[in-house]
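Have a look at the structure below, then the notes.
By letter and in written order, the chains are A, B, C and D; residue numbering begins at 1 in each of them.
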Amino acid sequence: MKLIVEKDYEAMSQVAANILLGLMSESRRVNLAITAGNTPKRLYEIMVPQVKGRPYFENVHYYNFDEIPIVGSQGYGITMRNLNDLYFGPANIKKEQLHPLDETNWQTQDARLKEAGGLDLILMGIGADGHFCGNMPGWTKFGSETYAVDISDADEARESLAAEVDGNLSKVPNEFYTMGPKSVMAAKHLVMFANGKKKAAIVKKAFFGEVTEDIPSSILQLHPNLTLILDQEAASELTNQN
Amino acid sequence: MKLIVEKDYEAMSQVAANILLGLMSESRRVNLAITAGNTPKRLYEIMVPQVKGRPYFENVHYYNFDEIPIVGSQGYGITMRNLNDLYFGPANIKKEQLHPLDETNWQTQDARLKEAGGLDLILMGIGADGHFCGNMPGWTKFGSETYAVDISDADEARESLAAEVDGNLSKVPNEFYTMGPKSVMAAKHLVMFANGKKKAAIVKKAFFGEVTEDIPSSILQLHPNLTLILDQEAASELTNQN
Amino acid sequence: MKLIVEKDYEAMSQVAANILLGLMSESRRVNLAITAGNTPKRLYEIMVPQVKGRPYFENVHYYNFDEIPIVGSQGYGITMRNLNDLYFGPANIKKEQLHPLDETNWQTQDARLKEAGGLDLILMGIGADGHFCGNMPGWTKFGSETYAVDISDADEARESLAAEVDGNLSKVPNEFYTMGPKSVMAAKHLVMFANGKKKAAIVKKAFFGEVTEDIPSSILQLHPNLTLILDQEAASELTNQN
Amino acid sequence: MKLIVEKDYEAMSQVAANILLGLMSESRRVNLAITAGNTPKRLYEIMVPQVKGRPYFENVHYYNFDEIPIVGSQGYGITMRNLNDLYFGPANIKKEQLHPLDETNWQTQDARLKEAGGLDLILMGIGADGHFCGNMPGWTKFGSETYAVDISDADEARESLAAEVDGNLSKVPNEFYTMGPKSVMAAKHLVMFANGKKKAAIVKKAFFGEVTEDIPSSILQLHPNLTLILDQEAASELTNQN
């Protein structure tokens, strides 16, 4: 594991941008899976003006690693809609470079990735409960490849997801889709980033504690090429360990 | 995971030799950790005449991934003694190419490997109980790097080890040393091989079942570059799964 | 450059087989361009029984790096016909794994290779005149990608090619096709092999002398990953230089 | 070759910074050879605040690819002095990370680089005469590794170098040192950048014309992993070719 601690969210986002833009500049096909959510907002703001209108980045192919379909809607699910708003749209990424994972094709996600040469890099955030992608404590098995998660009875999860669809619980599906630990571990480089005090405890547990399915992201410690990027707050509980 | 099934022990050994000799032929430094024991006997017989006296293989550096010191003895422990008998001696490997792990240096094994550029490949066998290297069910934690295993009270283990030192229990040490799962997962390529009916059940469990510390080698499923080489007998319980 | 000198043709062929079989054992797609002619005969004899009927080698894709069409014939040209006789046929390689270069598609050879991820390895022999692939002294430009060579007036070349088609000069085409130096240099690993006294002088000039278009294969010295495999006779003029 | 055209010097410098910072973020040892001179000034300004005081970049080792000693001076030659002023000094790079090439060690430069795992990336500029590093038209041989260039009679070169040492011709040495084409081609990634109208003609000739020792940088076309970064002015003669 390479540990990078930067002073704040801005600096952390810049370091993540450097890693992505550096890789994207290679001349061969580059396959990236990137994260939606709050953590990457500044990252995408930094990247958009450096990516938009650049034909030399057409070798980059984008994947999402999880998706929550919106009931009654035709288009993207919650993840791709968010990625589109933050990055694909503003950066004018061409349709041919996007490879959405969704309810129609999750069963072939791992085979399609393998056929395309595998993921070169996955950029992920960590949840305060230790989840990564859609791998939550309680239902995560380290041996899983891309799978469907039944949330028809998971009331807490449903309510949290409803916030993404105007608070409308009827738009929350009965299942969502995520790459599992085995699928994620197959990538050549994993980048995890986290900022803020609220992540300090889980960062310590997940990356400097025991490897256990109760803290799903603890498995990422075992990847041969993991980069962990933190701001000082997220790193604040590591002081005596490094 | 790449699964290779060959018809018998001879063919399995030849495939493993091809992979090792191919990698060793690269022009840069190559770091290998290789296994002692019974499974690799034929492999080393195939390799010795192709390696002995070849200056163009001096770029290859050899590591052992575990060691059981012999009480009262000055030289190699059980693992290095065995590797020396099977391969290093007959192939005339130079001292400068050997990097023994032992009781004096196990605490720096991971740091030394990192400094040397990391292991390019680890060749391992699997125990009928699912162990790999010295990672046995009962004491294996997935998050461990190279560690010492206290066997002062492990009577069964002590008796089994005594067989390696003329049945003399007083030569069996109180602790031995092994690279842990985290250290092994850090290598660029893992090769596991197994032959014979007696391995068929564990092969199925470890590589096609749940990832759990009760079956230590099950973690290897999650490595991005794992090759599993079996003879037909070791693969015999996989028939309906592939 | 990695220089490998073996005692004879048999040992040289075995080393080349180890390198090819080792690479082919990787789990990802592997793209190989391999040579026809006399030098690889023993190599393919060694490989056939280890490749035939092995589903785990279906990740390997084969390319030819030059082709001489046979006038009035429908099928393969001279190169692919020879490769088919020596290797693809006896090893039962599937059609889907073969990517023939011919008169209909040479203009897209470089683009198709790039799209497929590039060549992982090219195995080549050297001519007594220093040519490699179809890059002969007299017409070779280091900057060329795949190109057509006009031999309508090259009487010597036509007669030499006629020997491949029952001595029938009317079957020799007016042009043939070859990957140029730039296309060859784009591969990740180059392996050149040579045996016999008659190659000793050109081996010394091409790999230990000046880089010049008059000795086309001299450019290969500049590849970052070149392996040169010789028997003792082909290496006999190098004695004082290494 | 990957061609990147950006609108101006600022954008070109940012792209080069992304590529360097991305590579430097890897967890393994990274070996860089970087260029002195005018072209990289803005690049180093962008990099310094992102590198200074970052322990996570201590895996990066820096090399210079040429050196002109200053007669009568004890310290760095012209190249290292310039790199120190622009980057090593302001970024507080530790001595242990610097590996100066100079008059005392140029004969072992290639061996030392090989021992260290080879260069991961070389960043270079191009001269209006097509030179790269110290490989000038007139004395460049494609087959050269690191070599000494005798400039005792090269009046024009001596005068141009005098400008770097307060116009004092007596400080200009009789020979300087440079990695040759063969040494440069051995690196894993080559990055060449150029800006301004005055480079437009040579960029076209060197990268889209014939490969010839008269235009030394034309050899770089043959590297399997070359990135060419231009501003619009330097790319202005390429318009009809891409």
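Observations
Here is the rule we go by: a contact is a pair of C-beta atoms (placed from the backbone, for glycine too) under 8 Å apart; a residue touches a chain by one contact, two chains touch by 3 or more.
Model, not experiment: these values are computed from the prediction.
Using the mean of the Cα atoms as each chain's centre, the chain most removed from chain B is D. The interface with the greater number of C-beta contacts, when B-C is set against B-D, is B-C. Averaged C-alpha coordinates put the centre of chain B at 37 Å from the centre of chain C. One simple way to say how far apart two chains are is to compare their mean CA positions; for chain B and chain D this gives 44 Å.
Of all residues in chain D, those that touch two or more other chains are 118. Residue ranges on chain B touching chain A, taken from their complex, read 118, 141-143, 181-182, 185-188, 209-211, 218-219, 221-224. Residues 1-5, 14-15, 17-23, 25-27, 50, 54, 56, 225, 227 of chain A touch chain D in their complex.
Within the complex formed with chain D, the residues of chain B that make contact are 28-29, 117-118.
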